[in-house]
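Below: one structure in structure tokens.
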Amino acid sequence: MAGMSSLSAAQRFHAYANPARFMALSSRLVAPLGMLSALVIAAGLWFALVASPPDYQQGETVRIMYVHVPSAWLAMFGYSVMAVASAVALIFRHPLADVAAKSAAPIGAAFTFLALVTGSLWGRPMWGTWWEWGDARLVSMLILLFLYLGYMALWATIEEPVRAARAAAVLALVGSINLPVIRYSVDWWNTLHQPASVFRMDGPTIASSMLLPLGLMALGFTVLFVTLLLVRMRAEIMRRRVRNLRLARAASGAGA
Amino acid sequence: MTTSDLRLSARDLACERGGRLVFESLEFDVAAGEALVLTGPNGSGKSSLLRQIAGLLEIGRGQIELTGGDPERALGEQAHYLGHLDALKPSMSVLETIRFWALYLGGSAAAAQAALDDMALGDLADLPVAYLSAGQRRRLALARLAAVPRPLWLLDEPTVALDQASVGRLRAFMAAHLAGGGIIVAATHLDLGLGTAKSLRLGAEEMA
Amino acid sequence: MSRAFLALLLRDLRLAARLGGGGGMAVFFFLVVIAIVPLGVGPDRPLLASLAPGMLWVALLLAALLTLDRLFQADYEDGSLDLLSTGPLPLELVAVAKALAHWIVTGLPLVVSAPLLGVLLNLPSAAALPLTLAMLIGTPALSFLGSVGAALTVGIRRGGLLASLLVLPFYIPVLIFGVGAAAAASGGFEGEAGRQAFLLLGAVTLASFAVGPLAAAAALRANLR
Amino acid sequence: MTTSDLRLSARDLACERGGRLVFESLEFDVAAGEALVLTGPNGSGKSSLLRQIAGLLEIGRGQIELTGGDPERALGEQAHYLGHLDALKPSMSVLETIRFWALYLGGSAAAAQAALDDMALGDLADLPVAYLSAGQRRRLALARLAAVPRPLWLLDEPTVALDQASVGRLRAFMAAHLAGGGIIVAATHLDLGLGTAKSLRLGAEEMA
Amino acid sequence: MSRAFLALLLRDLRLAARLGGGGGMAVFFFLVVIAIVPLGVGPDRPLLASLAPGMLWVALLLAALLTLDRLFQADYEDGSLDLLSTGPLPLELVAVAKALAHWIVTGLPLVVSAPLLGVLLNLPSAAALPLTLAMLIGTPALSFLGSVGAALTVGIRRGGLLASLLVLPFYIPVLIFGVGAAAAASGGFEGEAGRQAFLLLGAVTLASFAVGPLAAAAALRANLR
């Protein structure tokens, strides 16, 4: 049958060997990793919410930190993952790299959003405002969110996966150059207009009672990130297979 | 252009568009002075193949090679690609258009003027492109081939919209190119009148 | 090759002049944005004066965005880009020629009109020169960075909006340094701070010259294949 | 559509484009079941005449009349105009496209599906239009004529980009339309295979 | 006829959603524009608050402008407009359907998100409701007046400048009354001034409903022939 033969040819053509191995490996990893992240985060939360003292200055609101700081870290980590994967996709044309980059973006964006929201929530009691344009870190975080959203929008609007992958990779790489520039520029701009920020980002030296839950939460979030990345990559690969099957079927009888 | 050891060949070529395999294991060889005519039903991949040769479309697998050409320039730079889109700007005049392309593609302004006359567009030189009829636009697109010599011509249904006189002119023009040692690859549903041409039928097995 | 570059640049300038799409529209939009600021803020003159450099920069940025989508889109849609990529000029230089034409057609008229519009906002006359200078240094970066966004969205109908989204984060350093340079130089302390801001602005522009065409060409290659 | 006293006629028609006179004193009469084939060199005004009939171009002098049609509807509303542009949106699927046009032009969704099958596009129904080849696009444009019955067809080079099988299908389709009492006015440089058609040659005096 | 109207409206909405020109993109764009204002004019909170309504309106206008120019142009370029004009729907209703789709796709999401984004600009919460209300009343006028400009520019190759400049002046009354209404109603004096501004804004919108489609259809007819 013409349909069958062109379908198998399409599969051969795609050299799915590599993604196939990934699918096999990841299917075994997802469940344990998910469990691990749940455990670590649960432990972290217990230490953070129950077993650690409130801060002598900040009171109970300090507990926001245990979500806020790991989220902020992973927001930046996510972009690095995306940028590295994009570079690999552009240079080595590895079929999994662009899947990884695409899948990392929404996760990173979610953590960025979480960092922004928890930061705002924290800022309200600490600082008397939800948002302060004069602060470099806040603004650069918002720009990071824009970069994520732009990257996702580009993927969403280019129909053809190969084309979308390359274009998005170019954007991610250019964006990664932009990131330090933005941070530096905003710092510079900040000192000009508003010399002293209301609060200090480096904060008081952290007590060990706070370090443990913070470390646990950071670890838990990282494992969560990896788990979500795997899940999304699997979904993306499946989606592409389905799309190819659908298109191959549409083409199979298409002839003259 | 007079290198007579020019040869365009494809080995085990495959093309994928939008996730679907259009053709695979395609092979051909065209030598200097020869034409290859691509035929086949709609959607069999003629236009795609031409774009692959011009370097405007990903090559899925296999390779396309031009031997005996200028080793310093990419295949696309040694080829004229005439596609369905004619790359014309409505607000430029006919003469400005062909002048621009001649200069951009490495020809001369004098050649541009001569090319217009070749395509019987001399009288329309000062008209804006917006005022041209379908066939006149096509002739202007074809004038590019006359303005800048390139050994390889990739023509996608070149006779579309041309009247009979223009088709005759195009045939003579193609014959002269072949006689000068050039190569033509053309997709068509009609007879192009390239008597001696090799022909490649795409997607024949899919035909009802 | 340089002849091809010139031919392309001239063609783009000519097309822009004929279509009237670029400069006129950008300047007009600039004017409208500036004109409504007093409506929002009220007619307090010293306040307006302190706002002026920032608002002029913001308006400039927005006006530049308006014209971005035409940079490559028209050439893509009519097939010109296919042929441009088979010429002797590398795509990087094609991007340079187009960004340059874009700057001449939109950036330059905006820079020239900025001090005039500044009058509307009660811009102190001492600030007009530094501001114009800063804009002259900064606007090329808007065109060159903008070309990346335009190249990324080529082939997407109505890509204009998306292009401006992609590009805006990259415009932010230009904005920040541009405002900083204008403020520092007009605020009185001619010395270190002002010079430094101008240097940084120049550095961003130079970086955009280096990165913009490379990235734009890469994006075009991705979208053309 | 079965009104057999349908008649399309032009009297002393002139056309001016961009300040230049394209043709004048043109006259023709086409009755129900008849086809009029427009020929002539590039730029002689075939496309312009079709647009004038469809009401898409100013009539310089003279008049065009459809008698025996629906008196409540303008001529353009009783005609299908198939021009060089195919009015297709790349991001819509084939089925969505024909559905939209069927509903918009006053037909039904069921007719839309049938029209796709008429043009052998049924298998491609779910593909986005962006994925179609030149000939497949043309067939989709033609499917509009099948989806909504209108007595008058204005076809500008309808066979362009079609493969042989599709040209055959189009011929049968046109013959059926004529047999049902419709009228066809078609511009072409090729033989459309409308055996009994009247023919009108434009701009003959301009030919070299 | 109403079936044809619905079919056209749905098609335009669907196209907008697919092309990514949809509501999400407009809101994102809005967000980005709002974000660069404080970077330009500085982080002074009361100042930002006073600028907020004006800048929100400008962002709205810009988003409308960026999407408007292709309202008819895309349909013109691919020949759809020819066929749309041979359907049973009068061109006036074609213009209404397209303007309505445009408002749903860009205007509405922007209105909904304006109060949220206002928070970023420190918009006083008392001003949020009046501003949103003013935008709800005013944005349809942007789409309906915009359709006139879009119709005028359709297919005009050389008169492009004149035609595109025609869009903006139409917007200025909306902008002035819109900013005025929001400012008056939030500034405290709930009474005469605020009511009057809202009435004027409503009048402009009603006028745009009446004039817009008629003028757009006339312009289309002129440009199609």
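First chain written, first letter: the chains are A, B, C, D and E, and each begins at residue 1.
Please note the rule applied: a residue touches a chain if its C-beta (ideal position, glycine included) is under 8 Å from a C-beta of that chain, and two chains touch if they have at least 3 such contacts.
No experiment lies behind these values; they were computed from the predicted model shown.
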**Request:** Using mean Cα positions as chain centres, tell me which chain lies farthest from chain A.
**Result:** D
**Request:** Farthest from chain E by Cα centre, which chain is it? Let me know.
**Result:** B
**Chains most often in contact, by C-beta pairs** = C-E
**Request:** Go ahead and note the Å separation of the Cα centroids belonging to chain A and chain D.
**Result:** 54
**Prompt:** Can you give the whole-Å distance between the Cα centres of chain C and chain D?
**Reply:** 46
**Complete:** Whole-Å distance, C-alpha centre of chain A to that of chain E, is 34
**Prompt:** Got the chain B residues that touch at least 2 other chains?
**Reply:** 18, 20, 41-43, 58, 84, 91, 128, 130, 207-208
**Item:** Shared-contact residues (touching 2 or more other chains) in chain E
**Value:** 19-20, 25, 28, 32, 39, 42, 77, 157-158
**Request:** At least two other chains touched by the same residue of chain A: list those residues.
**Result:** 143, 146, 149, 153, 157, 159, 162, 189, 247, 250-251, 254-256
**Residue numbers on chain C that touch chain E, as the complex places them** = 18-21, 24-25, 28-29, 32-33, 36-37, 39-42, 47, 51, 54-55, 57-58, 61-62, 65-66, 69, 77, 156-158, 160-162, 164-165, 168-169, 171-172, 175-176, 179
**Asked** Along chain C, where are the residues that touch chain B in the complex?
**Response** 3-4, 6-8, 11, 14-15, 18-19, 77-80, 82-89, 224-225
**Item:** Contacting residues of chain D [partner chain E, same complex]
**Value:** 54-58, 73, 76-77, 79, 81, 83-89, 91-92, 96, 100-101, 103-106, 144
**Complete:** In the complex, the residues of chain A that touch chain D are 159, 246-247, 250-256
**Prompt:** Where on chain B does chain D make contact in their complex?
**Reply:** 17-18, 20, 40-44, 47, 84, 120, 127-128, 130-136, 138-139, 157, 160-167, 189-190, 207-208
